[in-house]
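By letter and in written order, the chains are A, B, C and D; residue numbering begins at 1 in each of them.
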Amino acid sequence: MIIVLKSDLSEEKLHRLAERIESNGFYTRPVSQYSKLLLSVDGPNTEKIAKEVTKWQDVEEVIDGHFPYYLASRKCIKTNSVIKIGKGDNQVAFGGKEIPLIAGPCAIETAETALAIAEKVKEAGIKVFRGMLFKPRSSPYSFQGIGKNGLEILDEIKRRTGLLIVTEVRESSEADLVSDHVDVFQIGTRNMSNFQLLKHVGQTNKPVILKRGMGSNIVELLCAAEYILSYGNPNVILCERGIRTFEQYTRFGLDIAAIPSVKELSHLPIIIDPSHSSGKSSLVSALTMAGIAAGADGVIMEVHDNPEKAFSDGTESITPSQLKELIKLGKKVASAVDRRI
Amino acid sequence: MIIVLKSDLSEEKLHRLAERIESNGFYTRPVSQYSKLLLSVDGPNTEKIAKEVTKWQDVEEVIDGHFPYYLASRKCIKTNSVIKIGKGDNQVAFGGKEIPLIAGPCAIETAETALAIAEKVKEAGIKVFRGMLFKPRSSPYSFQGIGKNGLEILDEIKRRTGLLIVTEVRESSEADLVSDHVDVFQIGTRNMSNFQLLKHVGQTNKPVILKRGMGSNIVELLCAAEYILSYGNPNVILCERGIRTFEQYTRFGLDIAAIPSVKELSHLPIIIDPSHSSGKSSLVSALTMAGIAAGADGVIMEVHDNPEKAFSDGTESITPSQLKELIKLGKKVASAVDRRI
Amino acid sequence: MIIVLKSDLSEEKLHRLAERIESNGFYTRPVSQYSKLLLSVDGPNTEKIAKEVTKWQDVEEVIDGHFPYYLASRKCIKTNSVIKIGKGDNQVAFGGKEIPLIAGPCAIETAETALAIAEKVKEAGIKVFRGMLFKPRSSPYSFQGIGKNGLEILDEIKRRTGLLIVTEVRESSEADLVSDHVDVFQIGTRNMSNFQLLKHVGQTNKPVILKRGMGSNIVELLCAAEYILSYGNPNVILCERGIRTFEQYTRFGLDIAAIPSVKELSHLPIIIDPSHSSGKSSLVSALTMAGIAAGADGVIMEVHDNPEKAFSDGTESITPSQLKELIKLGKKVASAVDRRI
Amino acid sequence: MIIVLKSDLSEEKLHRLAERIESNGFYTRPVSQYSKLLLSVDGPNTEKIAKEVTKWQDVEEVIDGHFPYYLASRKCIKTNSVIKIGKGDNQVAFGGKEIPLIAGPCAIETAETALAIAEKVKEAGIKVFRGMLFKPRSSPYSFQGIGKNGLEILDEIKRRTGLLIVTEVRESSEADLVSDHVDVFQIGTRNMSNFQLLKHVGQTNKPVILKRGMGSNIVELLCAAEYILSYGNPNVILCERGIRTFEQYTRFGLDIAAIPSVKELSHLPIIIDPSHSSGKSSLVSALTMAGIAAGADGVIMEVHDNPEKAFSDGTESITPSQLKELIKLGKKVASAVDRRI
């Protein structure tokens, strides 16, 4: 259960209110986000006291029941949230007029290949690089990423190109490890419901790209975002990356309607991943255009200068020259919907 | 099994070839489409003779096995097919530079309301009207459409507005009944695998909008098109209208990747239905833009001047003024991808 | 909209009631089934009069809105319906203690093979034979069944073995054609929403096995049954044959929960098809046992004495000796749940 | 990539073999399980050396590519694995003749209610209790479980009833925390792809119930098991708990075919969860019978003595008296398939 409080509530009153609830056998956790003050109430059978609490003064609203989320909702924040990464000239914003593109290989392989790709995507006009060190893989015998040894490579890429860097984290310790080296955490589709990880990155201030679970619905995605927001981190960027469907021509079904649906329900920016959703490089450009036209706030895609030699997911990577074509077209589509790349 | 023959094959040779196959206990059906000559071979266990036939002179290729389609494929026709409806100034083409929009109410209700909507969509710049008389409904007690009594209304709309007209047919007799009154048959999602109906419209020359089955994959859609093509009618327009997924925020999941996927596999035009797929008028514009940007060759959507009073599917209908806004934006997106509305 | 009337309503009163509704611009159709009297009201905007009609005397209930079905529901009939096929000693009943098994090849191929299989399944204890002459196939170039030429074969099988016969019909004319030769119509998954066909078989008295659409939910299946029931035919046997899911190890996902779910919602018998749902002969026995244990009222399965040489779907056919093993085990499981095979 | 080695390979030879591979820039990890010796090779582009390694002496097989799993496969172990929990008289085995039932509330609420339910399920004949302290919940504001405070309650239940205890762990630290208090770890559907957690419990010897991800296919489930097996823990019990489908009458679609499918592919025991899959207490008994008849090696279900007052998932809990009925019937079905409850 979550109690939305009057925002000018004094610390003392909050404290008393919490005590009163705890005396009924519940745990409380004050949540402060977006200048809002909330009290999360944990424990079995909250509906028992929900009705009563609604009547208390200083209480604006009590939200209980299935799938409750508040901070991530339009109800809480009416205008689109803009999440910024990087600083100064280098800054990139998700959720405003700009539609940032994120590009890079599926995984960092070697310093040489990673740097080569980084330079090529930079040259194509990209400002954010995807540099994955830790790969969640279905099989324990598939390439798991080069791990922490890759941090130096990321540092080197940053130094040489100035690119902002996104990397995936699969557990709290990985988030701590990479934190000083990267600009954005990615939480992958397999970890959208890894609530411990969500809570952990919620206690940092680092922007987080939160990918939708392949078997999760839109409301569950927003609830996952709520974990991060309610633990203090407002910098959440949602990502539609395809869901499981019966269609097998593509690896996953990009749920394009999720973009305007999320815009209806939430103020958070949402980007798309045309590479993982389709699993086919030939479809990446069309899906990117679709995403931009539907209102996506960014695109994350795989680029490899030699897709056939990529260590994983090569079939879905586009080449740097295909990237340039894609950007050229993307600029036009973005402009048509009054955005810009 | 389908045998692709050398296209300059004489009638006599074709006849002898067919006889030879029939003498093995199979039925044959000559198929002539796109200046190609094929022989469809029906009967159990065709693989038995497939290998042998491959070696025959005059035979270019033998296609057998799961999901065989040939006429609908890029292999058969390399360039995009353009399907024209109407005549002269009134003509509209699907599959070329133009992206025609089709609009109208979910169902024809009364002459007055239908005419009023027709005039408004015409005024908005629409050239093709969806005027459904026969509604396939899950329940026998739901509104089944006004039926053949509506033909006069369609005639009147045509006379007054000059709009081209699409109507749904659920069985062969309905196709015959409406044939002189409408410009395009629609075969709905529930009838994509009604093969008798496919064969019947395949024997006409009337353009057909063939909607994807809600539980059918892309290859099955192309096979359904193959029925129509192989029975003689080249005028097939495919329609992605959403598939069944676990996501319940929208009624169906618009499979946006189906557009570039179909373009890879087939030369046939493909349009989208943002209204039925989402079931939410608020999502129609964004999905339309996505479709256009992804390469759709047209859009069919529901428009009602009083959605709340619509007899069916009101929640997914947009108003004429929303349609105007949608067209304004659509023109820009179309132009960005070098098309036009 | 459907109006449930007091069952002792005089013809005259019914007539007047219908007139009163028609004077409001609606069509009415009297429905008589299970000693119930109903009036189906067709036309746009029935909700306008629904409220008023509720108040009329002689009206028990008015059902309107999404997915309305009444005759197929437990609300209408509390006890399980038992559908009988055949006569005298030969009679088989679906929905009672007995769990009839239906077996035979995917398609009738030749008189010899069909007879051989028929004799073997008969010998195994089977009373109902599946003998398909018309095959709905995704591709126009796949084996479409031997068609009406097979009627003689079915007659011969009946004469020699006394087996009751199920055959699939894809359109009304096929139903008429086979009617005198077979005991049960099957409406396949691709035709569950072929409402014209449903209405047609609804006007006969022949038992119908109605297979669930691969993309249709349980309520839609019951609505499809309602078409048949409301046109006069009470002999509907539902069939769960697997739905489309993302899992690809099996061809379709047998929705085992559909069995007890249908039992909650409806009085109609429901059988399962373990062959088509799985597409793997190795899974047929386990799925059959699951179905029986979950309450299925019958099983339809594919048997071929030489599965590798079957013209279609050979990989899912079991052999006659596997059938015997299956029956042996099935008898035990049936007995455990107080049923019998 | 995984290299299966001759099992009598000396430590020294293994060491040299690993060195040789590492000199090519790969990481190696020796895996020892089921008296088999394997070498897992991690790094990009393993296919480069896969072919060469195949030729090396001492190498039995090299497995590479999509979804590789070996230890979990029938290829590795031909006979069914039996996983034992508890000791002496109290011991329960999964994968043998016995089909153990696991029952208890969705979550531990209070000592009183938990003990009351424990005593009732014990009385009904249950030997394993599900006692969840940590609940992964979609929303941060839903009841998260009573946490470590509940350990005392579990101890008390064990002391008083002798029931073996299963509890869910969401992260490594929770596994460490509960390890001395419980007999089985459960890894829930949302954590099936939490590979860090899989590796961690793989390094213990505690039996693990591994639930299938709601968006994961069967092969991915086996790959997840492979993580645990390859890190040293052979005690893996798989659990089919329903997948996401378009059908909404049940919360998830119990994939009954997964049971015989897993039996084909793997030697590991598999149990079912009829409660979470259906979300409806009225369906639990039928699904349990289906599972047993299909070959399930156990059932985990929710039991609450006052389902309407349960803090979470009350609608899917059965009562102790329903449990007794279920067991009575289950014994018969188990016996029919030559198993016992």
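As a convention for this text, a contact is a pair of C-beta atoms (placed from the backbone, for glycine too) under 8 Å apart; a residue touches a chain by one contact, two chains touch by 3 or more.
Only a predicted model underlies this, so the values are computations on that prediction, with no experimental measurement involved.
Enquirer: Which neighbours do chain A and chain B have in common?
Expert: C, D
Enquirer: Shared interface numbers for chain C and chain D above half of all numbers used, same, or below, different?
Expert: same
Enquirer: Per the centroid of Cα atoms for each chain, what is the distance between chain B and chain C, given in Å?
Expert: 30
Enquirer: Taking each chain's centre as its mean C-alpha position, how far apart are chain C and chain D in Å?
Expert: About 38 Å separates the centre of chain C from that of chain D.
Enquirer: So how far apart, in whole Å, are chain A and chain C when each is placed at the average of its C-alpha atoms?
Expert: 47
Enquirer: Which positions in chain D touch two or more other chains at once?
Expert: Touching at least two other chains: 215, 219, 243-246, 248.
Enquirer: Chain contact topology under the given definition, line, ring, star, complete or other?
Expert: Per interface graph, the chains form a complete graph.
Enquirer: Quick one: which bits of chain B touch chain D in the complex? Just the residue numbers, please.
Expert: Touching chain D: residues 244-246, 248 of chain B.
Enquirer: Which residues of chain A touch chain D once you look at their complex with the stated criterion?
Expert: Going by the criterion above, the answer is residues 1-2, 40-46, 63-64, 66-70, 107, 109-110, 136-144, 146, 170-171, 190-191, 193-196, 199, 213-216, 219-220, 223-224, 226-227, 230-231, 243-244, 309, 311-312.
Enquirer: How about chain C: which of its residues touch chain D in the complex?
Expert: Result: residues 215, 217-219, 243-250, 253-261, 263-264, 277-278, 282-283, 286-287, 289-295, 329, 332-333, 335-337 of chain C touch chain D.
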